[in-house]
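The data blocks that follow each hold one structure.
The same subunit A turns up in both complexes below, where it pairs with subunit B and then with subunit C.
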Partner chain A sequence: MKSLKTWYTLLICGSIMMLGGCEFRDIDLRLFVVAIGIDVSETNPDMNRFSFKIAIPTGDPKSGDVKTVLITQESTSIAEAIREAKSKVDKELDFGHCKGVLYGEAYARQDIGKIQDWTVRRRDMQLLMYPAVAIPTAEAVLKVQPATERIAGNAIFLALSEDGTESPFIAKTYSFDLSRRMTETGEDPVMPVIEATGKEILNIDKVALLDKSRVKTILTRDETRLYNLLDQRHLSTNFGIKIEGELFEVNTDRTRSRYKINESKEGAETIDYKVSITAILEEKEDKAPMTPAGLRKIEKEFNKDLTESITKLLEKIQKTGLDPLGFGLRYGGTHWNNDTEMEKWAEIYPRAKFNVHVKMTIKSTGYKR
Partner chain B sequence: MATDQKLQAEEARKCLQEQLKNIGDVEQRELKNEEGHAHLIYLKSMCDPILVNDNLINRFYELNSMELFERFIRSFPSSLEPKDKQELLRNMLRGCVAIFIRDRVLLLDAVLVNAGSVQPASTENVMQGPDDSFTENIEVNLNLIRHRYQTTDLKTEFMTVGRISQTRLIIMYDEMKVDHSVLKELKKRLSELKTDIIQSASEIERHTMHPKLRLFPTLMLTERPDRAVLNISQGKICVLMDSTGYVLVLPAIFNDFFTAMDDKIQLPLIGWFLKAIRYIALFITVMMPSLYVAFTSYNPEILKMQITLLIAGSRATVPYPSSFEVLFMLLAMEFLVEASVRLPKAVSQSATTVGGLILGTAATEAGLVSNVMVILVAAVAITNFVIPITMMSMGIRVTKYLFIVLSTFFGLVGIVLGIVSLIMYLTSLRSFGKPYLKMFAIEWRRKGDPQSG
Partner chain C sequence: MVRNKYFYYLFLLNASINLINYVPRILIQDRFSGVLMSVLIAIPAGAILMYVFAKMLQRFPGEGLPEIFHSVFPVWISGLLLVLYGLGWYFSSAITLISFMDITSRYISPDVSPYIVLTGFLVVVGLSARLDSESLLYALEMVLYITMPLIAYMAWRVYSNPYFSWDSVRQIMTYAWNMPNYRTVAAATYIYTGYINMVVFNRIFRRFKVRYMFSIILVSIVSLFISLFGPIGILGANGAGEHVYPAFSTVDALRIRYFIIERMIYVFFVVYMILSLMNSIIHWHVGKELVLGGFKLEGEKPSLLPKKRKAEWWVLALFAVVIFVLATVINQYTLNDMAIVFLDVRFAGEILLVILLIYAAIRRGRRRRA
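Now for the complex of A and B:
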């Protein structure tokens, strides 16, 4: 009797295994959304236009064909848009591999706070996403299918994450960092800008400066490079200069930027920037052999030129009232008057002067012997 | 005189003849000369005929005196005088010759040693090292160990277990190094052993361990004399057993099962590397199938996008959930392994080819199993074989199914749960009072620490 009971129990337990479960979807029954794009709707001002780029898995990795589907949906909210998009596909939408949120420029100039909050709130979204501003629209950028793309939807993220290309014009930004900067006092968010130029090429060479929720300015290419020089360490880039009509280009090897907020004189506060660059001479028009003395001369010229342009950039940022480099955070972090320090900083920042000191060392003439 | 304790020859002979009725290989010999007569009874199959002829029959006719002949027999260290019929019978069955001389019964050990020559190790191979393995003869095994461990500290205690099989055991240990509590525990457990027949060393393990149902071995079986010697020198106890080519080593902790003799032979760095590889293999063989299930069914976001799309693509034609896919393929692999162990060597080659190549490729081409799955099963099978001691690798083989079940129902959380409970289970195990999961055998002994020892 007892063994009969045991067998019945086992049989019942075993039959559970045979049941087709519900709410259980294997990897092949999911569609992976790799990027989301948000634009303003052209027809209805209350609605936004959401684009979902979905990667379609291919069985044969050797074939190299990349298939993606772009689903666009106009809706009042993103939560609603997803539910509506779900009824357009045959499988479960999975956001686990969503690695990018693209804000169309027009939308980014309004307010990205709502969507950004959604991306960090949703359970299956990763905080390692790469947010970016898309020009002209997010949909247009998502539609671009680069010829070099080997895995569906991967090209944008290889570039944005700097895993693939290492361009001095890309300001790598994570979603968690963006959200943090959006709430942090004393540091303002930045986002890289992706431009769709043609059908197969994406261009990421600018950076957008945001106040707490919307894009205020987009820096130019050269300014973006200088911004990255100030923001990152060991930026690998080139700098060019014309001396007496001859062009010299250097390739940077190591760069380092440090600053100090000098407030020894009330009312005449300065932010002292020290930028040190180690570089190698890469290109020159002058045919005469280069000597170390010649290098020193070039260094001097570079120092002067870079000092000037960095100061200009910093003053430009200062004028917008934004603080993407986090001066305010540094100021607040190094002062004890917690109640008043940020008010004090708001007073100081607009009137602060920038003292930039660039020290470039060209360590090699680049000749190979 | 203590004649009442001695066995009366006539009575004993009658009794013996009664007992040995219908046993074909009993040989009886009457030896007679002018002085008197002697009677030999022995089992032909168990005794050495040369020894019987040379030492007993020839001598009997040469010596010509009953008194001298009896003294001659008594001079053998292996001769004895049985106290009762049971002892007489038992020793005869073991290979003694019963000698009825005048009114005495004497026993002489004439056991026929059927020792095969020392063979190279077959289940624990090493690259560059001693190649001998234990034989099925306990004396030869004793010799193999003594030869490598020449000290009087090496103690040997004889014992017999098994009511019918009367299997001889030798407990070997280094008296200076052995943990006496372990020794006491072992003797206690062996004396409590109540089984009729013991034929292999692993049976002793099964009967002596507590609790009876366990997944991982707590006694090590080895066929390598050098491993036995190394373990004795580390203070462990070896139990040699007659008629089996394996020796029990105890206590054995988890880490011991991941040690091959190669580790000592190779340079230290390489030894550590090899050991690290084995632990990596352990992790892979236990975790891979369940991680596959968890990743494909529950948490695909953990993988890189490339792998996710690859798995999704190759699974597109597979008609059932990933857990079934894994189970089917793993079972197929187990069948293959099991089949190739049991089959004759000539056939097993083709069996593995048919199974591995044809089944694997055909299943993926037909779209019944994903490509990734086949790679995974192969990896699991290979890594399972990396574990040097067979008993452990069997335990590991079973463990991975538990993990698959957990991951099928609970995904990644289930695997974490499984790891935690596996570690808790392993730490709860004891091998003759020694903590099982004590890694690397370092004694963190402090004064007054109740946990130490």
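Now for the complex of A and C:
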């Protein structure tokens, strides 16, 4: 028993001695990088311009005085840029709370593969970061200081994560989802687009479609909403329509989109989309109370209108050759000829027709008849 | 004396620890060539091995492997076998501990020296492995009651994630008609391996009997499903192969929205740290007993006890030193190779162990009749 005690004592003393050797830094010696921006350099084509938005810890988040610093650094690689940025600040840079990677539009049109690989590879970066395309440049977007921001650098992520605002125009994506789509055969990446409009407002209402590594197309606002309708479940949005000069707006409650790849006829393959929407009437110009027959009529008009615009969107995406909705992966997952299925799909996709079937049910007219 | 339920706990511990011991990675490496077939073979193979082992062990109530071997084999053969099995079993924990050290420095605290972390682990494991078998089982029960609900919650979160790509899973399923291979089968049977611990714990079981094989098979199917398809759904059919620790990267992609911490990985890390330590403690305990048994220091015989207590320190010290040295010399690739070699050898060793037990049971039966 006595020898055991001696051993314990020795061990405890020994472990205290080892503690001095570790390199842990206290929280007040750290600066938290909350977002990284990457742009092309205007002066040197080999270099990129990296911006780091750094939050300065304050004691009380309720006080509302937000302190951030934006450090920009031109460098050949991001690893180099971080080391160079470190010599511009007095404290250790911590990436543990980094929640955004913004690719400037010009940069995103080149190749984001290198940086995306870095964010996954680096050990202190989360896989839960929000990647986005920034217009005009990442630096400009990071410079915007929204008046509504309460915690430094928080505004962008509250919007992108949909923890704060929930907009039908925001295509929420995580870093892991982006890297998954970048490597997956038959599914292409998408990213939301953040625009800096004015000094205090950020606008996120578009989605960028990428091939495996660069931005190819940016959809318009309305197309983005339809894209989200096809991609997500229970999207809450509004849809408007004009019938005989009168405006009707509905607010969606539950939405669901499903598709099947129908190849019963060789050479005339179709992708059958079924979109079901439950909605509530929100706005109408017509003063007369609504009748069930009137509702059916509106539903019918909506079905026709949405079918048309969704088909148009799908055809537009098809023309770019991109596959953000993962049709190719679905095809691969339902076919057993593993060696040839992807070549077959490459043949089928450009010629496939879209059959869109929208079924909207307006289940209530709100408080008023 | 303990009741039968502790056998299931031993099984459950190993079934859950597979995420650390490179099982998902080996399975995922093979995802485009026969992993499903290998898993389909591994499930009955593992279950049969476990069942036969348990049936044979029932004929030796209250005896550990050292007692059984010494009674039917010459001293040098049984000594050699016991030491080899002891070291093999200990090696499993070496992989767990070293890879967990690696995980800690990779995901949690890059700034802290990994050797300090490892020293902490070794101290805890080394000191706890000396406890008697019964206390270890009670501790195991408590640990499982704490961690299992969390693991179930995390698994549910993985599969209910809106970003979980079922199409990627279906894509892998269409690769089912490929030939299985030994390495993947061996890796997949790791789920069942917990029963090997009974070679020592059988000493304290009262009338050991294995029942509910059906639920054991069900649990193993579920855990294989989690370790294989969880990473594939989240990281992608192609992307899953790019990660060093697919299971950890998968959990890193989970977000807890309304909780004090935001990243699931911290919960996962704590859960698996507890499980790895518990697993290593039990493996060291079994390994130590087998090695000591090899030198005829078995059980709790009062005449041998002081000598055994002293020898125990030496064995445990050796265990700790070997792991520490290994940790300093190997890198990520050799660790992975080591894990593969271990899993391969382990499966063959298990089959041999069951054959030896059958032989021992026959010898014993004959002697009794004679």
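Just so we're on the same page, the second predicted complex is superposed on the first by the 342 of 369 C-alpha atoms of A that agree within 3 Å, B and C clash if a C-alpha of one lies under 4 Å from a C-alpha of the other, contacts with A are read in each partner's own complex, and residues count from 1 in each chain.
Basically, contacts are C-beta pairs under 8 Å (C-beta built on N, C-alpha and C of every residue); 3 or more make two chains touch, one makes a residue touch a chain.
This structure is a prediction, so every number in the text was calculated from the model and none was measured.
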Inset, instruction - Quick one: classify A:F32 as touching subunit B (first), subunit C (second), both or neither. - result: first
Inset, instruction - Examine A:L128 and indicate which partner it touches, taking first as subunit B and second as subunit C; both and neither are also allowed. - result: second
Inset, instruction - Count the residues of subunit A touched by subunit B and by subunit C, then name the partner with the higher count. - result: C
Legend entry - Which of subunit B and subunit C A:P45 touches, first, second, both or neither: neither
Legend entry - subunit B versus subunit C as contact partner of A:G267, first or second or both or neither: neither
Legend entry - Touched partner set for A:I151, first subunit B, second subunit C, both or neither: first
Inset, instruction - Scan A:G245 for contacts with subunit B and subunit C and give back first, second, both or neither. - result: neither
Inset, instruction - Could you tell me if A:P289 is touching subunit B, subunit C, both of them or neither one (first, second, both, neither)? - result: neither
Legend entry - Interface residues of subunit A shared between complexes with subunit B and subunit C: 21, 24-25, 124, 126
Legend entry - List of subunit B residues in touch with subunit A within their complex: 295-297, 299-301, 305-306, 308-318, 321-322
Legend entry - Residue numbers on subunit C that touch subunit A, as the complex places them: 32, 106-107, 109-113, 116, 119-120, 123, 162-163, 165, 167-171, 173-175, 177, 234-239, 242, 249, 252-255, 257, 262-263
Legend entry - Interface residues, subunit A side, partner subunit B - complex: 21, 24-28, 30, 32, 34, 55, 57-61, 94, 96-97, 99, 124, 126, 151-154
Legend entry - Complex interface listing, subunit A residues touching subunit C: 11, 15, 18-19, 21-25, 120, 123-124, 126-128, 163, 174, 176-177, 179-187, 232-233, 326, 329-330, 332-336, 338
